[in-house]
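Chain nomenclature is as follows: A, B, C and D, assigned in order of appearance, with residue numbering initiated at 1 for each chain independently.
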Amino acid sequence: MVFVLKPNVTKDQINAFIYKFEAEGFSTILSTGTEHTVVCLIGNTAKVDVDHIVHTNDIVEYGKRVTEPYKAVNRIVHPENTTVRVGNVSIGEGYFTVIAGPCSVESTEQILEIAKSVQLSGATIMRGGVFKPRTSPYAFQGLQEEGLKMLLAAKKATGLPIITEIMNQTQIPLLEEVDIIQIGARNMQNFDLLKEVGKCRKPILLKRGLANTIEELLMSAEYIMSEGNEQVILCERGIRTFETMTRNTLDLSAIPLLKQKSHLPVIVDPSHAAGIRSLVAPLAKAAMAVGADGLMIEAHNDPSRALCDGAQSLDLKQFEELMVDLKRRALFEGKMM
Amino acid sequence: MVFVLKPNVTKDQINAFIYKFEAEGFSTILSTGTEHTVVCLIGNTAKVDVDHIVHTNDIVEYGKRVTEPYKAVNRIVHPENTTVRVGNVSIGEGYFTVIAGPCSVESTEQILEIAKSVQLSGATIMRGGVFKPRTSPYAFQGLQEEGLKMLLAAKKATGLPIITEIMNQTQIPLLEEVDIIQIGARNMQNFDLLKEVGKCRKPILLKRGLANTIEELLMSAEYIMSEGNEQVILCERGIRTFETMTRNTLDLSAIPLLKQKSHLPVIVDPSHAAGIRSLVAPLAKAAMAVGADGLMIEAHNDPSRALCDGAQSLDLKQFEELMVDLKRRALFEGKMM
Amino acid sequence: MVFVLKPNVTKDQINAFIYKFEAEGFSTILSTGTEHTVVCLIGNTAKVDVDHIVHTNDIVEYGKRVTEPYKAVNRIVHPENTTVRVGNVSIGEGYFTVIAGPCSVESTEQILEIAKSVQLSGATIMRGGVFKPRTSPYAFQGLQEEGLKMLLAAKKATGLPIITEIMNQTQIPLLEEVDIIQIGARNMQNFDLLKEVGKCRKPILLKRGLANTIEELLMSAEYIMSEGNEQVILCERGIRTFETMTRNTLDLSAIPLLKQKSHLPVIVDPSHAAGIRSLVAPLAKAAMAVGADGLMIEAHNDPSRALCDGAQSLDLKQFEELMVDLKRRALFEGKMM
Amino acid sequence: MVFVLKPNVTKDQINAFIYKFEAEGFSTILSTGTEHTVVCLIGNTAKVDVDHIVHTNDIVEYGKRVTEPYKAVNRIVHPENTTVRVGNVSIGEGYFTVIAGPCSVESTEQILEIAKSVQLSGATIMRGGVFKPRTSPYAFQGLQEEGLKMLLAAKKATGLPIITEIMNQTQIPLLEEVDIIQIGARNMQNFDLLKEVGKCRKPILLKRGLANTIEELLMSAEYIMSEGNEQVILCERGIRTFETMTRNTLDLSAIPLLKQKSHLPVIVDPSHAAGIRSLVAPLAKAAMAVGADGLMIEAHNDPSRALCDGAQSLDLKQFEELMVDLKRRALFEGKMM
């Protein structure tokens, strides 16, 4: 249940209003926008009489029930777009932010070369996996802490904020200097991990699971936000279907739906979705056209020798060419890039 | 197995070359492009020695095996893009063709009003269902022959070529004045129907089935082409997945894949894919950006009263607005629209 | 909306009752069971007042709305199990009927050998494809009319009723001596074909489509029944999922659901579902345990040389062994086999 | 690559044989069966010459490459069935073990009542969730440590071994008195958790993920076994498909496939698969017939008031009736129950 407050309400009035509900056992979400202040009640609101509250509280403009199970991520509760900021990089409506880098950090030289190159091409955040979720225990599992040091060295050398994937909650302290923590598709419903990163005060990139619905993605974001972390970026990266020609089926319809239903930024990972290098550029363009706020792209200095996911990685020249095209398109779309 | 012939080969030489293979029981596909002439053998080529044929036939530049099961639709066999022409409308690479109209023809007034309006907005082909495939036998099944007359009246009044869906092979004679015959998703593997429309000499729009792979779509196009009809347009319209928020999951990755593997035009139907009006525009833009050659869009003069699929139909104003935007985008993409 | 009539109602009373509704534009389904007579109204019943009708018609015991979109196939409308009879073979609750034979009829010798063998093993209906739906136009398409003659010869020699697949409505007259017409998975929503076989007066085996829901299967059966043909057998044969180790995913949960929601017999095709010979026996046993009324199994005299689907065909010895086991199980389950 | 050793090889000979490979950097899996001793090499065996090793090592009977990516779970590596033992309960080929209990532990009274009842009915292991993975952060999350104490009290009162789900690796010490640790479907590819439970020396029940292939399930079991824990039980619990009438689609074909490819016990959870109470009994019977080694079933003393998953829970009477039937069937199948 949300209550949209009148324009000139004071902080004290809001606190008093919220206090009453919390005293009755409800949790509340307060969303203070430039135009609206919205208070959302969490809990069993079945017996709460919306009209009565509107009539008996001067500060309330109107109230309504939120039928969706997600609250904090819901655009009804928080009508204004959320922009996530990392250093001087913004991710959200009006921007088009490109995160690039290799599937795995392989060496200091590799990650430095890639970082400098993608930065020159216009990427503003660098990705690099150090803890790798691999189907086989015998496959390369990432360089672990050593890889993290290399990634941090690249951050230092370029000034680029970095993102890397977390595999379990005990790694949170290790990732202190990492700018964005990525929750991978296979952990999208690792609820304990979601709660723990919800207690962090740094942005979380939450990838949609391979068999998870759009609503479930929003519910997992709700897990993070319900612990107090409001800096969540959603990422569509393809779902599992019967089609075998692509690695996964990129669900671009999810982008406008997520933007309608939520205020959170939404980006697209065309590399993992397709699993085929030649599809990355067309899908990247489509992602921008459909309304995404950015991309996460795998770029590698030598894809044919990449320790993982080489077949879907662009080489640095291909990445540069794609970025030239995307910048032209961002201009056309009126997006900052 | 394909043989690419040398530039200045004569017709007689080609015929003699082909004749030898047909005498041995092979079928052949001859593809005469502006740059290459390609001969493709169909049949059990396991024992054919490619190198031997290249060495013993002066007119052959090189030969290679076609590993894909589709031949006539294969870009290897037919390297140049196919453009399907309907009246003075072209569908294929370099164009962006919009087919619009209601799910069902409902009355002469309705179809005329819609036809004139979508024509003004820039649609160059009109759609309108008269034989409707409905899940329930008790649902509106279309106006049948009466509806067809109304559609033809609209064609006459506007000069727009028309497309309508066929339900079974006995309807082919009825559709003589229809410009493009549509094979619906549920009939994509109705192989006898594919063979029969393959004997027609008019364009066929072939929709991907709800659970059919990209390769199966190409194989169904091969059914049509193997009967001699080369005017096939492929249409992606969403596949079935576990996601329930959209009617189907639009597989935009299929577009660049189909364009790589085949020379046939590929269009997108965002209306049936999403089943939600507000997703039609973003998906239409994404379809253009990903490389589609056009769109099929449901537009209705009064969607709230449409006899079917109202929830996914644009009204005529919304369609006009979308077309204004798409024209601006076509200019940007360098596509004729 | 259904009305369950009182026990001793006369035919005249029923006719008078029905007549009133038909005069108002409704269609009706009359289901005369040994215990209940049920009248179902088809049409827009939104404004019909159930209670009023119950109160004003002495012959009505009670009435209720049918919320499901399927009516004639609905167990509410027709509470007693339907048993389909073919010669002296019964398919339905209490029986366990095995249909066996090759994917394709290949020669008179082949089909005769298989027919005699599967009959000895206990199959009571013989299958054999003559018009084959194949993904590729270049694959073996069945022996067509010649194959049909061979199948009929096998019927004559063994006395076994036969079932074969129809590909389009023009083939109906050809299939006059065929005992059961099969609608294949790819034609499950070929609605015009459903209507045409609905006009036949012989049993129809309707296979579930690869991407069709249980409700859609029931709706397709409704198409057949709404044309007057009450002899419909439903067949689960696997659906498309992301799993690639099996050809399809056999959905055995569908069997008890279909038996709950409908009165029609339900059989299982484990051969097409799995696509792997070694899975046929375990899935056949599971199908019986879950409540299926029978099986359709591919059996071949020489699977390694079969013209299609050899990998999923049992040889005649394997089929015999399976049948010995199934008979033992039928005894245990209290089913006639 | 596996080497099957000759019958009378000594421990010293085996150690010497293994030592050579480990010195070259390979890992090895040693499987000592009653009939065969098998040594499996893990690592890059591309350059290893199988024949050379067979010829130069007297103790080797034959060797062959293992093409599957799973090794320790592979039946080729470990030809004999694995039986997992918990107290005096056995899970594996020849047994049919039923695990029963509520979705969630709700109170000491509830869990005690259920435990005693299902024990009387013949269940030999008790389930009860205390850490619950819920889609919504606002849904009941289980009674946590308090619930665990109640579950342990029920264990003490009945002597039944207990199983409960783990949510993250920090909970392992908490679960010391739990007999089997369950990895839920959403954590099937939580690789770090798999590694940690792989270091435990107690049985792990590994549920198949909602969108995971059979091969991926085996690979996740490999993660556990590669850390040294050989007591893994696989559990099929339904996968995500387009079908909406059931909660998930139970993939019973997976059972015989898993039993062919692996030596591990395989059980079925019909409750979560179907999500519908009336399907539990038919699916349980089908699971036994298809070859499963047991079941995990949700049973509750008052399903209509269950804090989660009430709609799929049997009440204690229904559970008892099912068990009576299953025992009769186990006798028929020759399985200990």
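One rule holds for everything that comes next: a contact is a pair of C-beta atoms (placed from the backbone, for glycine too) under 8 Å apart; a residue touches a chain by one contact, two chains touch by 3 or more.
Here's who's who by UniProt: A, B, C, D = 3-deoxy-7-phosphoheptulonate synthase.
None of the values given here were measured: they were computed from a predicted structure.
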Chain of greatest Cα-centre distance to subunit C: A
Pair in C-D, B-D or B-C that repeats A-D, with over half of contact pairs matching by residue number: B-C
Between subunit C and subunit A, distance of the C-alpha-averaged centres to the nearest whole Å: 49
Inter-centroid spacing, subunit C versus subunit B (mean Cα positions, whole Å): 34
Multi-partner residues of subunit B (each touching 2 or more other chains): 211, 239-242, 244
Subunit C-facing residues of subunit A, complex: 211, 240-242, 244
Footprint of subunit D on subunit A - complex, ascending: 42-43, 69, 71, 131, 133-138, 167-170, 186-187, 189-193, 195, 209-211, 216, 219, 222-223, 226, 239-240
Of subunit A, residues touching subunit B in the complex: 211, 213-215, 239, 241-246, 249-257, 260, 273-274, 276, 278-279, 282-283, 285-291, 329, 332
